[in-house]
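One structure is given below, represented as structure tokens, and several questions about it will come after.
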């Protein structure tokens, strides 16, 4: 029957329903509003203040922070911050692309295995991400330090100068990012593969015979929603990465997250840090927006933003 | 290229990926048993770093803090997020777009912005009122904030998967509002609540950035302690703590496997 | 208001056959009547689900709410259960006004369309749920569950898990779970609609048997007029949130009050009356004599009241016709006949006599007492 509106408003129960809505939803919503939305708004307002003693924000309002973020300091313009920004973008792009390239075959391989093994294989991919990211980066420090087999190998191939380790370096940061976010791409791709219409793939195999063209015409379009979801899950946190670049990157591997964080610690300048945070927020929402639009246009948009 | 060679190629790729995923963890565990103080050369098997851990007051208190933070924040998030998830379900026909936006915010905000915003805010409030001085309290508040959405979404999706007539059947069969909670909603939700608690706990233990920015001088957690130790210069003791944390994750993984097998025989 | 209702009901006990029937059977308690007065309900701003329903359901009756999807029958049932509150109007069960009583304090139980068995409980705990909520001790709960399990012949189903049950088994557990509470009124929301035809027929018979032995008041919702006719003591036909007709199955089928009820009961032979002269009614078919023509604007001719004579025969209520279509159904045959420039459906039982072929000229006859008129 369709004539049961269940919770639709009726004059007699409206007040009670509204009260119910309020007492169930208010605590959680208020918690997030009070301890996240309000702080974020406060942080954004800090970006428009001047930097006082110890870098703490103070009046008057100014756009100094944004000028300094763009590289204009007491000594004229310097490209340091711009490099950091470009490096963040570059690292995000490279690591996301690598993650996609690795995750596709892995996710596909899991779907070709017997159904009873699949949860175990998925778990095997996910478990490393349950360990703390500081420990994971520490593991890579151990592996890539000077004198380790991997570093010696790289040195003997002439990729790095002898007695230098593979870390700290931009390469180590890329590696760390790929390592961190691989599971976030495998999971959505796997669920896309699981829903894959096998008939279409088989038809394409008949039509094209070439695996690459089969992939392009039959598999890729069907897994696109999963891919977009994966990109959101990987690229957004990668752009805001702090731990990996701090531990594996050293001074020359700094990303935007490290620039922002350092403004609240050693080189204190809260307004400058807050301006950097605004940049990250803008990038986040832009990324979400673009993916949403893309997802809607390509169909299956509902799954894209989880 | 035949299907068979393709599959074989994929299998090779799969094992290489697994090696990539587990190599850093394996190295940490291996070197925690190294008798030499080196991360490049394995000398002899030894438990000396584990012995050192036992006597390290700082590490023991960091462990206590981690556990306390994870348990308390998960419990609070379970209650607040559970009620929120139920409210979202009960009123799903209303326009709750604003609420969804608020709930998704903690999920999409980069860690570092999340942590810094809370830190800056807590510092400011503390300056004005004296409340919210950095410590376990502020960390718990921050952790609950990112746990609530996960709990709410798990509870919500469990309810959505139920036949709506079940709620009416409970009312029809004489259950008072309290009895409906005790005899219908909680038992039906039990698996979802357990999953939500487990996830909240993992998220809390897994977090470093947000804890780092909201912590006080006395409330360092294990990841914060490890971070500090790494920055001071790598000590093999870190391998030992990290190996223990990896072991905890491995046990959790096996438990989750056993539970999921039992649920779907 | 409830005082007048009590008075109404006090006049009636023993006066209806269903109540007498229940007195002979193994009733545990007095069955209850239901009074509805001026029930209004709407959803949102413009969806009217109930538009002033007045209805009395007698104690011990098997009463069916029949109508198409969206007619308000389920809303009415949900108001009886207390799952929906009316915007206006009053509801009394057994003479007691329960309009404001929440569902968990009403002695009314429902068999849901989806059965709504609790997945986290065993079948036994499902059956005992209502008794447990009312605070019955475990021993008595078990005894009552065993008793109802014997009554509905559940056998070893009681010890199973809910996910091990088939659709028909779930249906019977859902029925038992509602009956074990011994409610004043049992509500059934299309309880058989999810089952296949064979099982459905079997459970219709079982439901009837249960109702007759318990003498409990059953309110049954369905959109299937055949099911309604088989099961019910009385039927209320609803459309657009209001009651069109209330009556025994024969009454509703043979003497529908308007075009909607007639069409919903499956009648196609409806003809606008163009002229009337005493008992002589003129339609597109021609002129026919009716014994009791009433004053309706439509003439209803039920297909099974028609007889077909071979060739052209003159006489009163005799109409010349040509066979346009014949559907042979074994026990009977259905005909589409061209009469003048309109068509008429006829149904003739197969008694081994000649069945006219397509294209054959025949004469249709109908008895004056079988002709009924009704309003549009």
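Here the chain labels run A, B and C in written order, and each chain numbers its own residues starting at 1.
As a convention for this text, contacts are C-beta pairs under 8 Å (C-beta built on N, C-alpha and C of every residue); 3 or more make two chains touch, one makes a residue touch a chain.
In this text, all values refer to a predicted model and were calculated from it rather than measured experimentally.
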Problem set entry | Most centrally placed chain - per-chain CA mean versus overall CA mean | B
For this session: Sort the other chains by how far their Cα centres are from that of subunit C and give me the top one.
Result: A
Seminar exercise, completed: In whole angstrom, the CA-centroid distance of subunit B from subunit C equals 57
Seminar exercise, completed: dist(centroid_CA(subunit A), centroid_CA(subunit B)) in Å evaluates to 17
Exercise. Between subunit A and subunit C, what is the gap in Å from one C-alpha centre to the other?
Worked result: 60
For this session: Can you tell me which residues of subunit B touch two or more of the remaining chains?
Result: none
Exercise. Can you list the residues of subunit A that touch 2 or more other chains?
Worked result: 8
Problem set entry | Overlap residues in subunit C, where contacts from two or more other chains coincide | 113
Problem set entry | Residues on subunit B engaged by subunit A in the complex (per definition of touch) | 1, 6-7, 10-11, 13-14, 17-18, 20-25, 27-28, 31, 39-41, 80-81, 83-84, 86-88, 90-91, 93-94, 96, 99, 102-114, 116-122, 124, 141-142, 144-145, 148-149, 152, 164, 202, 205-209, 213, 222-223, 226-227, 230, 234, 238-239, 242, 245-246, 249-250, 252-253, 256-257, 260
Exercise. What does subunit C use to touch subunit B in their complex?
Worked result: 81-83, 102-105, 108-110, 112-121, 129-130, 132-134, 177-178, 181
For this session: Can you check the complex and tell me which residues of subunit A touch subunit B?
Result: 6-8, 17, 20-21, 23-25, 27-29, 31-33, 35-40, 42-43, 46, 102, 105-106, 108-110, 112, 119-121, 123-125, 127-136, 138-143, 145-148, 179, 182, 211, 236-237, 239-240, 242-243, 247, 257, 260-261, 264, 270, 273-274, 277, 280-281, 284, 288, 305-306
Exercise. Can you list the subunit B residues touching subunit C in their complex?
Worked result: 162-163, 165-166, 168-176, 179, 183-184, 187-188, 190
